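Here the chain labels run A, B, C and D in written order, and each chain numbers its own residues starting at 1.
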Amino acid sequence: MKPTTGKPSTPPEQWWKTSIIDVQPGEIGIRGYPIETLIGNLSYAQMVWLMLRGEVPSKPLATLLEAALVAAVDHGPQAPSIAIARMSMTCGVDINNAMASAINVLGDVHGGAGQQCMDLFRSVLECASAEQCGVAHASDIVVGDHQRNVSKMIPGYGHRFHPVDPRATRLLALVEQARCEGLLTGQYLAAARAIEATLARRANKAIPINIDGATAVIYSELGFSATLGRGLFILSRSVGILAHAYEQSQAQERIKGPMPPSVPYTYTGPARRNVPSSTVRYENDQY
Amino acid sequence: MKPTTGKPSTPPEQWWKTSIIDVQPGEIGIRGYPIETLIGNLSYAQMVWLMLRGEVPSKPLATLLEAALVAAVDHGPQAPSIAIARMSMTCGVDINNAMASAINVLGDVHGGAGQQCMDLFRSVLECASAEQCGVAHASDIVVGDHQRNVSKMIPGYGHRFHPVDPRATRLLALVEQARCEGLLTGQYLAAARAIEATLARRANKAIPINIDGATAVIYSELGFSATLGRGLFILSRSVGILAHAYEQSQAQERIKGPMPPSVPYTYTGPARRNVPSSTVRYENDQY
Amino acid sequence: MKPTTGKPSTPPEQWWKTSIIDVQPGEIGIRGYPIETLIGNLSYAQMVWLMLRGEVPSKPLATLLEAALVAAVDHGPQAPSIAIARMSMTCGVDINNAMASAINVLGDVHGGAGQQCMDLFRSVLECASAEQCGVAHASDIVVGDHQRNVSKMIPGYGHRFHPVDPRATRLLALVEQARCEGLLTGQYLAAARAIEATLARRANKAIPINIDGATAVIYSELGFSATLGRGLFILSRSVGILAHAYEQSQAQERIKGPMPPSVPYTYTGPARRNVPSSTVRYENDQY
Amino acid sequence: MKPTTGKPSTPPEQWWKTSIIDVQPGEIGIRGYPIETLIGNLSYAQMVWLMLRGEVPSKPLATLLEAALVAAVDHGPQAPSIAIARMSMTCGVDINNAMASAINVLGDVHGGAGQQCMDLFRSVLECASAEQCGVAHASDIVVGDHQRNVSKMIPGYGHRFHPVDPRATRLLALVEQARCEGLLTGQYLAAARAIEATLARRANKAIPINIDGATAVIYSELGFSATLGRGLFILSRSVGILAHAYEQSQAQERIKGPMPPSVPYTYTGPARRNVPSSTVRYENDQY
């Protein structure tokens, strides 16, 4: 193919650019740090942070990130992602493929609540700033807008299974402690609590912060973007996906469907019928 | 896990429902038709239509679908989807995995133009109906809205490489012929031509309908939804993805990157530096 | 990165090579044919063949390919691939994404039977040639080897659900007809029948050719390689995957797991216990 | 569908089983541990270990796992996996989708060297035990077998780019230190060094342990299975995949192929030609 435009063409060596890694023979730099000075010195969570943000976090902040990563690894084989990982392993693929098919479904609905919740927190803080009001009032405005324009459901709040999500309770206690120690501003925690209060008042019952909301508080307080919030959730859930894929692979089952073969599905289409003869391609019974 | 709500729980056999296929021992019905009456009697394109829409199309309409499916199979190894298929095959995965990674990137930007174009045609026709005006005027309104609110680029028009897309010319001639024979209403073709005229006037040069626009005309005239428009494109491009994956697999290359190893990439990050000692986890060099 | 070896480095424009497609401004050639001469003139099945093999097949041979592609599109929502496509669509991903996760699991076990069966047919013919014996005897040898060294199950024979697979019966009748008309040699059909006879004698009951075996006969008779046999199955099953993904997307369900939420799963791990205090990271002064 | 066999059918609640997680309303147990006792108390690496193995590792062993996970996160945009992640993000897909396509290609060739190397170490130790010989002699036997029967290349040794892999040097020093402290037996380290010596003698030059070999030593010493060795590599590399996908997403590029559009690819197929008229479907120029 020839150049397509009058634009000066990009030299091949400038086509791919990155500020993340520099590889030279015998030498690897990650964000400027020789990799041998990172190995054994940084925790895995610090390395995640360095790769995504460009700097090494302090130990206490990294530990808070670690708590969030630990909390979200798994929610059992009824989750589509986990079920997909397990079914995949019975189809004769390798573990990288099973992980890929599973991670692939962590989309807006199954994997995006944390990201959406981070956006909501930011909206509350921006609204409070713009309206010169407290987060309580800002939360009323933002929740109202969301429920009118997007959905009655507020991402990060309530759980179809847990009356109170035990992961959220613990994570928020850690955030509170960090705030007391001056490690965080606590502004996103405040926004999160304000939304919780708004929802309780509107619904006349508690709709508590869930795991997605609690990790959204942490990722926001630590300064991650909302997109990276989803990325961190994927890293975390990948651990559960791997564990379930591996456990399934030990069971020697083949082509395992969603239900036992003895459980039928329901057919809702038309009854048996004949193909309209006018549509048949070769009337003279040639194939 | 226990039931989570007061809602009456779904019996397992009603959890999965479909109107597409009914499987009984020794018997398979597709949309009501015994499968042995379809095999050898329907063309592949008719089968695609039956599966997606529930009825067998007439032969001329199926042939028009077939023309669109034939046209979009490939655009060469510079396309990310094709390059991904080829690179995958050098990484030691099977052909289903290479196809999956490639199909996966046929997203809004690389695979969605046809779908977006179908939405645009529908907007023009709805606008003409609502405003009681012709498609020419409706096209001015819809294109103006799109360029103000979404993007200057109109999906389905113009091509960064082809001054005129030879696939589009041929496909639109087939649509025109079908319209003359009374097989189609031609309303989507009219909308497409109206947009082309609007764009030419606004840009003061021709920005002709491309492959995505031409297949969007066909899929719209045939009554497919916009989502299925993307699905049909994926089926079509899967042929090219398979062909390139297979061709690559014959070449015995290993871990083939996007460029020759001799072409460097550009590192744009910080220069070499030391890890801040306060962040190191175990100062006393214990690990 | 610098060149890594003393080998003369590959110029960038020779890094990617293909014999499939040539794209020039305003011009697209597929295997040498201007694409506008293919659109509307070739059937979709002929185009698949041309892309994969480099030449346009005759109409009768293409029609046989078409029959095989039509036959294998779907086997219902209990298949992991179809269930994955449906679950994916409830997770907030696009249809390309759902198709990718589903196609990805068409691995050796769920998608490879046809390919393995093609290898088996070839082994029978090669054995007959090497041993100067008939396919009946060669089949005994090859099946015996397979059952001793690989598995009791012979890919392409028997079905856990269908006593006789209605797709196979119809497809084999079409092959027989084509053989009578001199379109095919029929050697792979003979090998397939010989294996069927061997299995019946060994098991003392009929273990008839199934859909994978019947399509393997067709793809072998048409001269496709075994790897492409899997590729053709993937193209075919992609139609069912798309149809089910789309049907599911119309149902407005969210995060649909493999079973109704009211059906529990079985936990088989240890009872509740305490974390060993020696392993806790920060005993005092939590993070 | 009806039950297919005489086997007693599996009740739906026993279809999915796991020893990993137990979820009850308001309560989540991971391998028996209430999740709130893990959050903030275990490091991320300890949690990975617990999920995969069922027990919480001691802190020093977890730190060694952590070193291996930190070391393998990235090797730059020339790797197919990283390039695929970056190209995907320019195609209009979400970050989970880009990560899936990239992780999917960590197959036997691009992601399996560590796993294969773990198998090799085990073979050396088993050979030494069976032959009642030292690892030096066993290594000669195993390497000889591998080079005769599988490939001249020994997975985990040598690097096309790094004369000495700086990650391996550092990781092996940490293993050595742990061995001195009695945390590990050091038997896999000994096997690894024996292979290195065998290779140097055979090739008459150093072919040092690379990152895959060094992490294989650690994962083997820590008692992970070879399959999980690949799984751990995938978790680690996922961090790099996420970082590159995110960095690319900030660049606002669209449909970014492997090379600049100005660099052509090489077409190696037939010159322009005419479609054989006998293959054209509708001679009378009907479409």
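A few points about this structure:
Convention: a contact is a pair of C-beta atoms (placed from the backbone, for glycine too) under 8 Å apart; a residue touches a chain by one contact, two chains touch by 3 or more.
Note that the coordinates shown come from a computational prediction; the quantities given were computed from them, not determined experimentally.
Of all residue numbers used at the contact between chain C and chain D, over half are used by both chains, marking a mostly same-residue interface. Between the interfaces B-D and A-D, more contacting C-beta pairs are found at A-D. In this assembly, the C-alpha centroid of chain B lies 32 Å from the C-alpha centroid of chain D.
Between chain C and chain D, the centres computed from C-alpha atoms are 25 Å apart. Chain D has its Cα centroid 22 Å from the Cα centroid of chain A. In chain D, the residues that touch at least two other chains are 1-2, 4, 12, 15-16, 18-23, 25, 34, 38, 40, 42-43, 63, 67, 76-78, 83, 93-94, 96-97, 100-101, 104-108, 111-112, 160-161, 174, 258-259, 261, 263-265, 282, 287. Chain B contributes residues 1, 4-5, 12-22, 29, 31-34, 37-38, 40-43, 46, 54, 56-59, 62, 76, 78, 93-94, 96-97, 100-101, 104, 160-161, 258-259, 263-276, 278-282, 287 to its touches with chain A in the complex. Taken together, the chain B residues at the contact with chain C in this complex read 1-4, 9-12, 15-16, 18-23, 25-28, 30, 34-36, 38-40, 42-45, 47-48, 51-52, 63, 66-67, 69-71, 73-78, 83, 86, 94-97, 99-101, 103-108, 111-112, 161-167, 169-171, 174, 227-228, 230-231, 234-235, 238-240, 242-247, 249, 259-265. Of all the residues in chain B, the ones that touch chain D in their complex are 1-2, 4, 12, 23-25, 60, 63-64, 67, 76-81, 83-84, 87-88, 90-94, 97-98, 100-102, 104-112, 160-161, 174, 177-178, 254-259, 261, 265, 282, 286-287.
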